[in-house]
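One structure is given here, and the rest of the page talks about it.
Labels for the chains are A, B, C and D, by order of writing; each one numbers its residues from 1.
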Amino acid sequence: MCGIFGVRGHPDAVQLAQLGLYSLQHRGQESFGIVSIDDAGDAYVLRSMGTLAEAKSEELERHPGIMSLGHTRYSTAGGSSIENAQPVLVRSRGAYMSLAHNGNLVNAAELRSELENAGSIFAGSSDSEVVMHRLAKSTAATPAQRLADALGDVEGSFSIIAAIGDTLLAARDPRGWRPLCMGKLGDATVFASETCALDIVGATYVRDVEPGEIVAVDPSGTSTSHPFARREWKRCVFEYVYFARPDSRVFGGSVDRARRELGRRLAKEQPAPTADLVFSVPDSSNSAALGFAEVSRLPYELALIRNHYVGRTFIQPTQAGRDAKVKVKYNAVREVILGKSVVMVDDSIVRGTTTRGLVALIRNAGAREVHMRVSSPPVTGPCYYGINTPSYGELIAANMTQPEIAKHLGVDSLGYLSLDGMLEAVPDGPKGFCHACFSGDYPTQPPADPDKLRFGCGC
Amino acid sequence: MCGIFGVRGHPDAVQLAQLGLYSLQHRGQESFGIVSIDDAGDAYVLRSMGTLAEAKSEELERHPGIMSLGHTRYSTAGGSSIENAQPVLVRSRGAYMSLAHNGNLVNAAELRSELENAGSIFAGSSDSEVVMHRLAKSTAATPAQRLADALGDVEGSFSIIAAIGDTLLAARDPRGWRPLCMGKLGDATVFASETCALDIVGATYVRDVEPGEIVAVDPSGTSTSHPFARREWKRCVFEYVYFARPDSRVFGGSVDRARRELGRRLAKEQPAPTADLVFSVPDSSNSAALGFAEVSRLPYELALIRNHYVGRTFIQPTQAGRDAKVKVKYNAVREVILGKSVVMVDDSIVRGTTTRGLVALIRNAGAREVHMRVSSPPVTGPCYYGINTPSYGELIAANMTQPEIAKHLGVDSLGYLSLDGMLEAVPDGPKGFCHACFSGDYPTQPPADPDKLRFGCGC
Amino acid sequence: MCGIFGVRGHPDAVQLAQLGLYSLQHRGQESFGIVSIDDAGDAYVLRSMGTLAEAKSEELERHPGIMSLGHTRYSTAGGSSIENAQPVLVRSRGAYMSLAHNGNLVNAAELRSELENAGSIFAGSSDSEVVMHRLAKSTAATPAQRLADALGDVEGSFSIIAAIGDTLLAARDPRGWRPLCMGKLGDATVFASETCALDIVGATYVRDVEPGEIVAVDPSGTSTSHPFARREWKRCVFEYVYFARPDSRVFGGSVDRARRELGRRLAKEQPAPTADLVFSVPDSSNSAALGFAEVSRLPYELALIRNHYVGRTFIQPTQAGRDAKVKVKYNAVREVILGKSVVMVDDSIVRGTTTRGLVALIRNAGAREVHMRVSSPPVTGPCYYGINTPSYGELIAANMTQPEIAKHLGVDSLGYLSLDGMLEAVPDGPKGFCHACFSGDYPTQPPADPDKLRFGCGC
Amino acid sequence: MCGIFGVRGHPDAVQLAQLGLYSLQHRGQESFGIVSIDDAGDAYVLRSMGTLAEAKSEELERHPGIMSLGHTRYSTAGGSSIENAQPVLVRSRGAYMSLAHNGNLVNAAELRSELENAGSIFAGSSDSEVVMHRLAKSTAATPAQRLADALGDVEGSFSIIAAIGDTLLAARDPRGWRPLCMGKLGDATVFASETCALDIVGATYVRDVEPGEIVAVDPSGTSTSHPFARREWKRCVFEYVYFARPDSRVFGGSVDRARRELGRRLAKEQPAPTADLVFSVPDSSNSAALGFAEVSRLPYELALIRNHYVGRTFIQPTQAGRDAKVKVKYNAVREVILGKSVVMVDDSIVRGTTTRGLVALIRNAGAREVHMRVSSPPVTGPCYYGINTPSYGELIAANMTQPEIAKHLGVDSLGYLSLDGMLEAVPDGPKGFCHACFSGDYPTQPPADPDKLRFGCGC
């Protein structure tokens, strides 16, 4: 997954991009990048592994611009290197072109082969390089038409912010998989993955970039086009379930309100009548747990504390450190749990490893009964559209029945929200969402070799 | 403020100290240190600015020991340098001595002058160096007696973990200002500021080190002494209000339960009858806000989202970044707040700067009314005993009346918990607590030049 | 200027490349890079600013290969960035291609424009990217033919080492501007800018790659071709005068012997009959000064000492540090100089700044007379073929007469070696050398905007 | 070994100290430090591993002072850590004291035990901490008297620059083992190990600090005292042989002139009548080799080239890298050597490892005969007075006869300068020099456990 940000028409564009990326940091912590383009068309890029907070950005601040693009990239198993950090910045036909991409092109390998055979060269393994080459080849009259050319045969998910010459562009694939919003800050235009990035820079939300739309902003103003074949909307329901920040609006709906409603539905579908209290796995499940507590009329407690000072440091797997990975991140509040029958609400279970560690922690703190409730259906398949879910072999719900999962996790009961329940709970549902990872209903042909695909993914 | 940790008798002592410090990181992020002492009496120390997660600890792991001390130091305005990082490690009389200190010696300057006049030399400005010199001068027969000698004339707060030769020691000043607990992990003994550090290493809580007690652990076992003149207990109430982690027990009581009760009392003393909902300033006020909601029978909402990816990076104070400091850290959930009369619960107000920024954020997100409720009394004086509260000039409640504060913050109403209410809410109250920063009732003579004192402070 | 190295067929290829680059470090200290290609065709690149000695190469050592390319890049005024570090490594048509370039393509800008207009994208500003794009476009049957295609229309200087698939290639432009030699280490083949790089890895010198030749080494053996139009040789005489290491052979001749002879000639052409002694500006002029002393029958002294511990650190231009730049690097030996009439031999004078500082140093140490002798003619024009000489405005001999230069430098007499003297002194002279920077006799049309060219230069 | 520098009374004191250390860097590259003391008595210290050129000194430059001390420390086998970096800076009796030490206290361990028993604590293992404690204990009236007290019972070598309050002090042990000179820069006073440090800052040499003298500079002027018992002078002859820079004067004599004379004597004592040419092991033996060539009437050639770009990087000991250590640093000039009978002049042979590698290099380049000539006698014992020569077991001349050494090195003949020859060659000889490492004539009782001593050494 990734977060993208772009602004045009503000003297502090680079500072705004930094602020914007701070607020989108939850969408990716592997690497980040910021491009600054000034009035004279000169461009500068800072790309760095890790998060913005760890980076030295003095050099960036010496290159102010009126247009700036930012990207924050998710940590992936393979292909983690500075070569894949975005935004990409190249020179083509005498001008700079830059591009930040959130999503995953299902046919990137095919498009790449075509380009290689025609003599294109590739420095890294990201999808964005494919788009960049296609952009450079287009001889269309306007930046928007060039971007439309470049994205024409592309299959898969993309929310893209690009700069071509002095034009800032925002494009969203026709199924609208990934969010992309547009705001105004005085005369400046801002694009971002989530509205929380508009809030932090003080911009006003205008509207979402629509599925299939390209918005172009240049000195003469803002124009829009819908160059792609119309498709059924397939907005990613996982953004509501887990990924987006609760203070954001995505796909026009409030993430916090969506999660609250998912929790309420969950309580209706999967009550825990014998429980004494409800708590969440902080922080992404807080809203859902509150919804569950509200409907269940059970007390909401803070039974798990999360330590935010944990970095990427490796703790030695000694006798002492065996369970350290979960324990370094979470601790149970014994006084809340001791002797109680508890409901633990989480937003999703992917591999089950952390959940299992948490259940042990809760039991160890003296819980009498542990009832696990999940505010989404079982994850039974990988995502090919930009979320870094693991392959079938690692997905617990692709390999075990629900009773087996309950036993494996060590819980007294386990309840998932139904697919229908989830789709009815989210704003503007139940139609128009992609739920392939829950339902197996993939909007595109699944790739022949999905692992290969995900290695090449832009997010 | 600081966090301290010590362990004796475990082959993974250094790993345990690392884990322990992870869980005490909230007590200080300016610098940290870990000392390893092996069977042969060889010692190694890693001290580093910043947090454990940012540090390179490979070298440390090449120096395993059976005894280890750790310290995490709070960020202070002045005197922030590696020279002041702890634990202190020195060689004296042919053996290593090491010391980690949480607290503040009120008469450190006098003791230091005496030592300097007798020819002692000082490398840094921390109190711990004073204790170390006194320890080196004592010719008492046992490590515990030497530590008692060193701390004999000391006035002020100290929770100390020390290693002298092959003895691990834990000492707490007779007023018991700062917490210090003791646990067992198999045959190994563990000391730590808070019980959350016992949890993370898998140790069992045994008891608190008592005010005025020195516990010594050596190859022959554990012994205890009470060498100091008995004093009235003055445990720091601010540990319950704000400082300690909610999953810890300090002074024998649960921090989460204490805060929940502080919130309940607050709701009784300072109700907000017209309000639609309650929310907290995350994360330290969550328990109190839940207590407030419970008694008020108002919905508890997540109206403020905190960004945990923020580092120490400086954001340029440009036009755009003016309010950036608060906005980088917090955002409001508009859909929760819009058109509502809200209660914002915080644990304390010190300078008022952040609170004022938060109120603006909340108002901007459309709140109709903002009622501020604080789960402790107004902070009217500095702390000389280990909490880094600012001087009188910066404390909002030392310079404004409550109506003035309310106006300054921009709230519709402002309610603080009373001193009596606070002291009755905390476990084992209302007697035996220090509340000088709230009441002006200082257990010792306030120092002539408090700023000077705090510069020299060990925490 | 740059140094290049390549090896194929050795299990320690990466270590050999590291050693080779150590010995070529004098050819460039701005940045360096090493590419490793293993048996399976996987490739890894380490590129870093600064010198090899400063770099962390652990990661590189985790990627052993049987083929390795290295490049060390000269410090240039503009365009100093990691984007321009070499070797370039890209993926094309399913295989890795890598390229290290020493030289400068005079028509790079035109070739680049053509490529950009055809849709190619450029990440940096180096010439090598131009060659790489052309290489990718060629559909010729063999790697050597592809390289010949890529370099066909190229005007300017290139010594190139490249890897295409499992073939290692070495190419030299038809005028032979820059040196390139070939050696054997057991079954492995080694290419390098200078023979000192063969010595350090223990390889035996076989022969030079000839001007206009492409040598290809693949699993089936070594093959050679001469695909370019034949041209008059224009080997860079400055390699003998200053650039190459004295222990190297370049263009088939010994650098040390060449410099010795230049010094002898200089003594004949420009004697200093009244002088007491001769000394060199260490270290590049040592051989020439010895030759001067030998013919003059004057004692050779060590009157200037060079400090090799100086880095790139900036010394503040305070009152004290005004002359610091020269003084940090050199000091005079007063006891050698005091009261003496001295001959200072240097290999060349470019801007004159350092020379002027040295003369002041020598005078200050008590020299009675200072006679400057230079073992090459006045530098009157910039180099467009790979040496980073400055533009006309900065070249002292392009702006002053010899008497003016002597006065500016503060010397009692000034004598340059003649153009003919230089060309007769170097091995295999006087024909077949480029001496454009001394004579203005440029082998190609000088570029319209030479500054622009040199910004785009590959070295 | 170490280099020391101090200046008082100049507004750019810190920059001068930086320049001074640059020129003394050959005396130590393990770590360095600079202390700045301003008019108000505030002090700042930068200490860093490695050399000045590698360090970040921005922070230092934010702390200008009128008094500054610098120290550069030699790389030693054990005890290499930042704790041992100098200058030491402490607070004592309300003022800063700082100290930089070149030398080695033979009775440091005893003095340290006494101090530890009296309750002093030690942070590192350097001698300087011992001196600092003794300084702090002295209650004498003046800084000079306090320094005299501190150094009273000290046995061994010291050249010390110290700051106590606003007084800058320079002290030299009564045997005068290590050099220390004094200069003037306008009104400012400068002290340094060698005169090359005066040259770089533009100071004029005034005189040496005499053996047994303490010079004190304070606002009222300069005063001198000779508080120590008079001893026979034992200036270190190795400073002339190898250690000092050729452009320096030490002990009142020119290092370059001394080395030239050592080479001349060597040619007389150990001629090489059949040889064709002479060359030196650069750079320390250049002067001696010139002296040898002059007397022998043999040509002086540059047959060995030294690579100055080599850092501390570790080269893997693979097949390829077996001889890499010598080859990375040196290469032979084949064209000079091939078929020739050569004299290789070096200043000394310690372990013989490098020499052996060089002989192999020379033979490999085609030398017909190799005659080794050494401009000092065989090193048969360790130094306890500040030079880091290895213990008996590692000294080749302590374990082999001269014929055995010749065979081991692979030379056709081997000739050392005699002890008398050396002592008569150096300025102000033959009396008043320490030559213990050559003669076994130790001026003090050799320590019981010399290895232990050297671990504790200040240099």
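The working rule: contacts are C-beta pairs under 8 Å (C-beta built on N, C-alpha and C of every residue); 3 or more make two chains touch, one makes a residue touch a chain.
Computed from a predicted model, the values in this text were never measured in an experiment.
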In terms of CA centroid distance, which chain is the most far removed from subunit B? C
So, what's the distance in Å between the C-alpha centres of subunit B and subunit A? 36
With centres defined as the mean C-alpha position, give me the subunit B-subunit C separation in Å. 61
Per the C-alpha means, the centres of subunit A and subunit C lie apart by a whole-Å value of 49
What pairs of chains are touching here? A-B, A-C, B-D, C-D
Applying the document's contact rule, which stretches of subunit D touch subunit C when the two form their complex? 10-12, 15-16, 18-19, 22-23, 25-26, 29, 51-55, 57, 61, 185, 196, 199-202, 245-247, 249, 254, 256-257, 286-287, 290, 294, 299-302, 305, 307-313, 315-316, 318-321, 323-324, 327-328, 331-336
Report the residues of subunit A in contact with subunit C in the complex, numbered from low to high. 89-94, 97, 113, 116-117, 119-123, 132-133, 136-139
